[in-house]
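Below: a set of structures, written as structure tokens.
Two complexes come next, and they have one chain in common, chain A, joined by chain B in the first and chain C in the second.
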Partner chain A sequence: MKLNEGWVPVGLSSSIEPGTSTGTTIEGSEIVVWRDNSGHAHAWEDRCPHRGMRLSFGFVRGNHIACLYHGWQYDTAGQCRYIPAHPTLDVPQTIKVPIYRVKEKYGIIWTTTAEDVAIPEAEATEITPVRSLYVDRPIDDVFTAFMAAGMTSLHTNAGKVVRGDDVLFVAFQATAAAKTAAHIAIFGSAAVYRGAKQKHYAQWAEGLRFELEAAQGEAEVA
Partner chain B sequence: MSDITLYNYELDEQSYRARLALSMLGLEWKTIAIDMFPGAEQKKPEMLALNPLGTLPVVRDGDLVLHGTAAILLYLAKAYDPAGRWLPEEPASFGAVAQWLGFSETAMAPAVKARLQAVFDISGDAAALRQAARKTFRIMDDHMIARHFDGKEWFVGDGPTLADLALFPSFALSRDYGVEHDEYPALRRWVRRFRALKGFHAMPGIPGYH
Partner chain C sequence: MVCESFTEFALHRARRLDLEIRIVACDTSSATLSVRGQDDLVDAFEMACSLGPYDCIILDIERATA
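The block that comes next holds the complex of A and B.
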């Protein structure tokens, strides 16, 4: 799914601590995901308008993100507010980074540029995050492997896996043509699922990754 | 009172490991700059007399001369960290630190080579080295995800050890050779904690602020 087609999961909420940023990609397009010190998550085009440097290399200061290259600072609306080389300059409104819509649901950060789209529905009250699994395989293959492992599809890029009394939620991001991220959470409170269960399902997911990439290796040899 | 001399090249990540150890142990030392690129001064007779392998870093402490990054880290911790914080005495933790030090010299070798290839134009298959570096970082990320579930923030035990110190540079410098940090959320978290430690300092290729 592309950014203009619906909500795309880009990471676990717990992976982006306040005051930090990371880069990610959606079908090769670079995105910076960052969280301001008030705790709000943001997803923008990952490019400083000044010299095209990736903003995800930069750093968060309060509710601004600053480019590593020349320190240009942007507010939460993507508007440039401060240029260190011209400290007294009233920065023109035209210096602005394209920003995307963001929601956090199921312990996952989602982003889109589309207007009338919904995040997949699932009955969940509390969430325990597991991990983001990065697999060197196309999204269709990864989705199919999770279906084979017992997943029920909730949407084109999300599904639910029931294992005994446990319910997992998995959301898929095509980071590149042949690379996929599967963001995995458990439906249920941390009081029950923290620790051993998180580790159990992280290892389960790593097993799927191994099988997916081993199958790829065999295909290449053949 | 220590009398330590470090034969150092500022852009060499192995020299950086030694600088980090000296600094994080709170030591004072004298630096002798060796022109690794383009001079290859570490392979000239004067340096070969200290280290016949022609590698950096080399550390002299009084009459003792040591080469090999892991050996230098082990020696410094043994000599100057009597509390055993960086090199725990307890057998299981000692074994785990030794395991990651070995990993830093074997599994991490392609990452070190990938950077030399990218920054100094040393010969090598860039794509294959990058792929091998990704595999190494994935092993580290899987480990730190599992550690986080156990409520632990460091590679071994409850605090930073030589394991963290030896593993940090190659990951922190990975953008020098085109490996992004996108796919390693647990390592991003660990890097932020490592950077906040007393005595930490950056090197070119690692942003000074964060």
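The block that comes next holds the complex of A and C.
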């Protein structure tokens, strides 16, 4: 799913702590995902308007993110507010980073540029994050592999896996044409699922990845 | 110098820096531009022009105050 078609998962909420930033891609488009010190997550084009440096290499300063290169600071609306080399400059409104809509649901950060699109629906009150799994295979192949492993589709980029009494939620992100991220969470309290269950399902998902990538390797050899 | 490329580059940078700009003249060897705005941003514009777009080689810039 493209950014302008619906909500795209870009990471586990737990993996972006307040005051930190990281980079990801959606079908090759570079995105910075960062969380301000108030706890709100943001997803923007990963490019400083000044010299094109990735903002994901930058630093969060309060509720601003500062570019690593020359320290230009942007507020939560993407507007440049401070240029260290010109501290008294009235920064024009034209210096602004393209920003995207963000929601957090099921312990996952979602982003889109589309209006009137819904995040996949699932019944969940509490969430325990498992891991984001990065697979060198196209999203359709990864989705199909999870379906073969018992997943029920909830949307074109999300599904639910029931294993015994446990319910996993998996959201899929096409990071590039042949690369996929699967963001995995358990529906249930961390008091119950933290620790052994997290490890168990992380290893289960890693097993799926091994099978997927091994199958690709065999196909290439053949 | 590719005039079309340079003027497009200059207009884009001026828009980003919130400068008023007028293309006075442009040919294969030089361009004359008139810009108006905050001093620091005019300085930044001059720096951007000194780099230029990928298909233009900028050898020198002369700057005059109106």
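Please note the rule applied: the second predicted complex is superposed on the first by the 222 of 222 C-alpha atoms of A that agree within 3 Å, B and C clash if a C-alpha of one lies under 4 Å from a C-alpha of the other, contacts with A are read in each partner's own complex, and residues count from 1 in each chain.
Going forward, contacts are C-beta pairs under 8 Å (C-beta built on N, C-alpha and C of every residue); 3 or more make two chains touch, one makes a residue touch a chain.
In this text, all values refer to a predicted model and were calculated from it rather than measured experimentally.
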Touching partner for A:G150 - first (chain B), second (chain C), both, neither: neither
Which of chain B and chain C A:G195 touches, first, second, both or neither: first
First, second, both or neither for A:Y134, with chain B first and chain C second: first
Partner chain in contact with A:G23 - chain B first, chain C second, else both or neither: first
Chain B or chain C, by number of chain A residues touched: B
Contacts of A:L68 with chain B and chain C, given as first, second, both or neither: first
First, second, both or neither for A:H86, with chain B first and chain C second: second
Shared chain A surface residues [contacts with chain B and with chain C]: none
For the chain C and chain A complex, residues of the former touching the latter: 15-18, 38, 40-41
Chain B-facing residues of chain A, complex: 11-12, 15, 17, 20, 22-25, 57, 59, 68, 131-132, 134, 175, 181, 194-196, 198-199, 202-203, 206
Complex interface listing, chain A residues touching chain C: 49, 86, 89-90, 92-95
Residue numbers on chain B that touch chain A, as the complex places them: 138, 142, 145-146, 149-151, 175, 180-183, 185, 188-189, 192, 207, 209-210
